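So the structure is just underneath, and the comments pick up after that.
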C-alpha cells in the first residue's frame, strides 16, 4: 500500500485539516465530533440539508457543503458510516428553525446511524426528516438483500434539494422533492482495479489482469459479477442498459447524464465513456439536457466509473442550474 | 465470583484486548464479503471504552453496560455501532440497577440484547449476521440459567455462539453489505457473528 | 493494461468527442487538425491565449478553454506534443486582431513544434509571441539538460494570463505578465506508481512496493531519484524544500499554493498533503493567500502529487480571482 | 539503378513498413529514457505518408522529400516531428528539382539534413540524440560519394549510422527528455539514433 498519509488512524482528521485550510471561506470544520459545516450556518429560516457517510468518497460529501447544496456533512472513518452524535451535532449546528433533511445512502450502517440521530434530533425539538437514496441497479431490491445501495444519484440529489432549500422551499417541499429525485435516478458502476483502505493495508479484492467487477459499489466491496474487460464500446452499454431497463424513459425522455470516475480513472477515459453514453442515449431518442463528468463520488484510488441517469422535469432543471458554491461544484456565483 | 460493576469493567477491558488482538482477522473476514473495516470499527469502539473506564467506572453493572452502549454508538459507526450499541443498551435496561449479576440476570440481559439487535437490524436467523451467533447463545444461556451461575451461563452462551458463528459459513447473506454479493457470500464466516462469539468467549473466560 | 478505451490509436479523438458533448456551451471542438476552441472565438480585439501539449494531462489544457482563460488548446497524441498545423489552426481560429500568446511547456518537442507554428502564424500576419514555462525544480537548468520542464505552474500561468487578456490587456502586457509569472513560480512532483500510455500497453517504469520516484515529470518519465515511500510528513517537505530553496520568499512572502494530484491519487490524500504544506509555509512566515487543490495537471492514472508555489503580487491576486468559466475551473460567473 | 521520384517513393514505403515493424522496439527504447512514444510517433508519421503517396507521387525526388517533410511535421509531433521534418525539408531543398539522384546529390542532401537537425535542435555530437547517428553517416557518405553511386553512399551512411547509434549507449543524455534522467540515462540506446539508422539502412537496401 502506497499512500500519501501519516497514520491510518488519523487520515480523516488530517485530511479535514487540509480541507479546512484550503476552503476557509466556505467551510467551518469541527473535529469532535467531526462535522464539515457551511461557513455561514445556521441560515435562518432555511431547511438544513445534511448528509454524510464513510470517508474515502471525496469530494462527497464535504466537498458539497456550501451555498446551494449541503449545510453540513458528517465524515465517518474511511468507508464507515458516521456516528449518530456527528449527525446530531450537524443538526444542532445548522438548524435555522425550518427543520433538517438528512440525505442517507442506503447501507445498513448509514441507515441505522442516521436513524438513531434522527431520534436524537427530534428529541431536541428539531423537525428532522430522513430520505434514503438507493439508486444502484446492480443490487436487486428484494427481501434477500439490504436493498439497493446509494451511489452516484446522491450527488445529484444533494445538488437539487440543496438548491430548493436555498430558495426557501420548506421541509415538506424539500422532502417531497428528494423522494421524487430518488424515484427518478438510477446508477451502475464498474471497477477495473480494487482500492486499499488505509488501515487494511491491502486491496479489498484482487482482479486479474483482464478482469473487471461489474456492478461495483463505492466501498471496495466486490460487484455483481466478474467479467473480462472489453472495449469502452462494450463497457458503457454494460452500465447503461441495466439502468435503462430499470427506468423506462421512452422517446422524448429528458435526462441528466452523470459520468463519474471512481477516483483512479483519468478524465480522458471519463470523457471518452461519456461520449459513448451520450451517443447511445441520443440513439434511443433520449434527450441529454444536462451533464456532469468527473470524479465526484469515489472509492479512494479505485479505477473505474459509474453512470447515473436522472429523469428530469422543468423544476429539476431549474434547480440543477441554480447557483452553487462549494469546494467541488461551483457555478452561478 | 461476584459480578459487580468493577468485575464487569474488568471483563470489558479483557474484551477490548481481545478485539484489538483480532482486529486484523475481523478486517480480513469483512474484506471477503464486506468492506474490510469490522475489526477497525470494533477496535476503535472498545479502545475508546477503555479510556472512558480509565476515567471512571460507573457504580452498577447496568451503569457500565450503558457506558458501553453510548461509547460504541458514538465511536464505532458502520452497522456494528448501532447494533452492538443497541444490544448493550437493552442489556443495561434489562439489568437495571442491581449491584451484582447472577446467571438469570445475565441470561435475561442476553435475551434483551438479541431482541434489540433484531429490532434495529431486522435480521432473521440464517441471514448470515451476528444474529446467527447470538440467537443460539441466548437459547443456551436461558436453559443453563435454570440453576446455573454467571460462569456457566456465559460459558454455554459462548459455546453456542461459536457454533452459531461457524454455521454462517455456508449461508448466503441477506442482510448487511454481504448481501450485495448474493451467492458469492457463501463460503465465508460472517465477521459480526465472529465478533459476537469472541465477546461472549471473553466474558465467559473472565467469569470463571 | 486496463483502460476504458476502444482503440489506443483513437483515444484522443474519442475523448474529444465526449468533451464536446459534455461542454457544448463552452467549447467548439475541431478534429482535423484537433483544436479545442472557446465557443465564442474569435473575441474581437482580445489577445488570443493558446496552449497545448500532449494529451493524458487532463483537464490540462482543453479543460481550461473558456472565458477568462484559454482561447484554444491543441491536444497532441498521448504524451506527445501537438503538431505545428494544430497550433496554426488555433491561431487562425481565435485571432481577434490583437495577436496571440502561445503558452508552451518546456519540452524539446513542444518548443520545436510551437516554434514552427509561430513562424507560420507570423507569416500569416498575426503577431504571435511564445512564452515557455519551466517551473520544475527537479530538473537542473543547465547546458547539460533540455532545461526545466513545464509542470504545475502552467495551470496558474494560463489562469492569470487568460484573465489579463479577458480584461483587454494588450499582447505586450500579456507577454510581460506571463514572463513575470514564469519567473515567480516553482513546482516539484513525486509518483507512487507509474502510468501506462495506451499504445504502449505497459507502464513506463516499475516501482517496488515501497518505492517512489521523487522529481517526476508529467509524462511517466522516471524522476530525479528513487527513494523509499515515507509518511506524508516526509513526502511533503521533500517537495516543498527544493521549491523554497530555489525561490527565496523571505518573511512576509505571499503565495498561491497549488496541491496537484497526478490523476490516480484520491482527493483525501491531496487535502491531507495540502494541510501539511500550508502549515509548513505558515511556520516559515509565508502567507498562503490563495490555493488550488485537485487533479489539474495529471499523468493519466499515475498516483502521486506535485506542489506548486507562486509568489503573488496584488495584480496576480486580482487576476487569479477574476471570473473564469471553463470545464475545469469556474468562478465569478 | 536510377533514383527517380518513383523509386524514392518506393523506398519510403519500405521505410514505413520497417518503422511499423520496429514500432514496439522504438517505444521500448523510449520508455527506458524518455516517454515511450517514439515508435508510435514515427509509425503515425510514416503511415500518413504512405496514404499520401497512394494518392499522388510528386514528380521529382525533391518533391517527394518535401512531401515527407510536411507530412512528418503535421503528423508526428514530439521532438522527432520537427527534427525529422526539418531534415527532410533541408534535404529536399538541397536536392532541388533534379529528376534523378546520384551519389554526390545524396551525400549533399544528408549533410543538409544534418545541418537542419542541428539548427533546430541545437544538439552536439555526444549529446545522445539522433545527431550521434547522423553525423558519422554524413561523414562516411561524403567520403564515399567521391566516385561512389547512390547505393554505395547510402550503404556507407547506414553502416556509420549503426555504429553511431550504438555509440549512444554509454552516453549521458544532454538533450531531449532523456536529459532529465542525468546519469541514469547511461546504458541505453537512444531511440532517435536508432530510428535514424533504421531509415538509412532501409534506404540503402532499396538502392541496391
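Here the chain labels run A, B, C and D in written order, and each chain numbers its own residues starting at 1.
Throughout what follows, a residue touches a chain if its C-beta (ideal position, glycine included) is under 8 Å from a C-beta of that chain, and two chains touch if they have at least 3 such contacts.
These numbers come from a predicted model, not from an experiment.
> Once the contact rule is applied, which chains count as partners of both subunit A and subunit C?
The common neighbours do not exist; no chain touches both.
> Which chain is most remote from subunit C in terms of Cα centres?
Chain centre farthest from subunit C's centre: B.
> Compute the distance, rounded to whole Å, between the mean C-alpha positions of subunit A and subunit B.
Result: the chain centres lie 32 Å from each other.
> Measure off the straight-line distance from the CA centroid of subunit B to the CA centroid of subunit C, and report it in whole Å.
So the centroids are 54 Å from each other.
> When you check subunit D against every other chain, which residues touch at least two of them?
none
> Among the residues of subunit C, which ones contact at least 2 other chains?
Residues 78 of subunit C each touch two or more of the other chains.
> Line, ring, star, complete or other: which describes how these chains touch one another?
Line.
> Okay, what are all the chain pairs that touch?
Going through each pair of chains, those in contact are A-B, A-C, C-D.
> Quick check: in the complex, which residue numbers of subunit D touch subunit C?
27, 31, 34-37, 40-41, 44, 73-83, 85, 120-121, 172, 174-177, 179-182, 184
> Residues of subunit C touching subunit A in their complex?
The contact residues of subunit C facing subunit A are 2-7, 11-12, 14-22, 55-56, 58-59, 63, 78, 192-193, 209-210, 212, 229, 231-233, 235, 259, 263-276, 278-279, 288, 291, 293, 295, 298, 300-301, 303, 305, 330-333.
> Enumerate the contact residues on subunit C facing subunit D in the complex.
33, 54, 76-85, 107-109, 112-113, 115-116, 138-140, 143-146, 149, 197, 199-200, 204-205, 217, 219-222, 224
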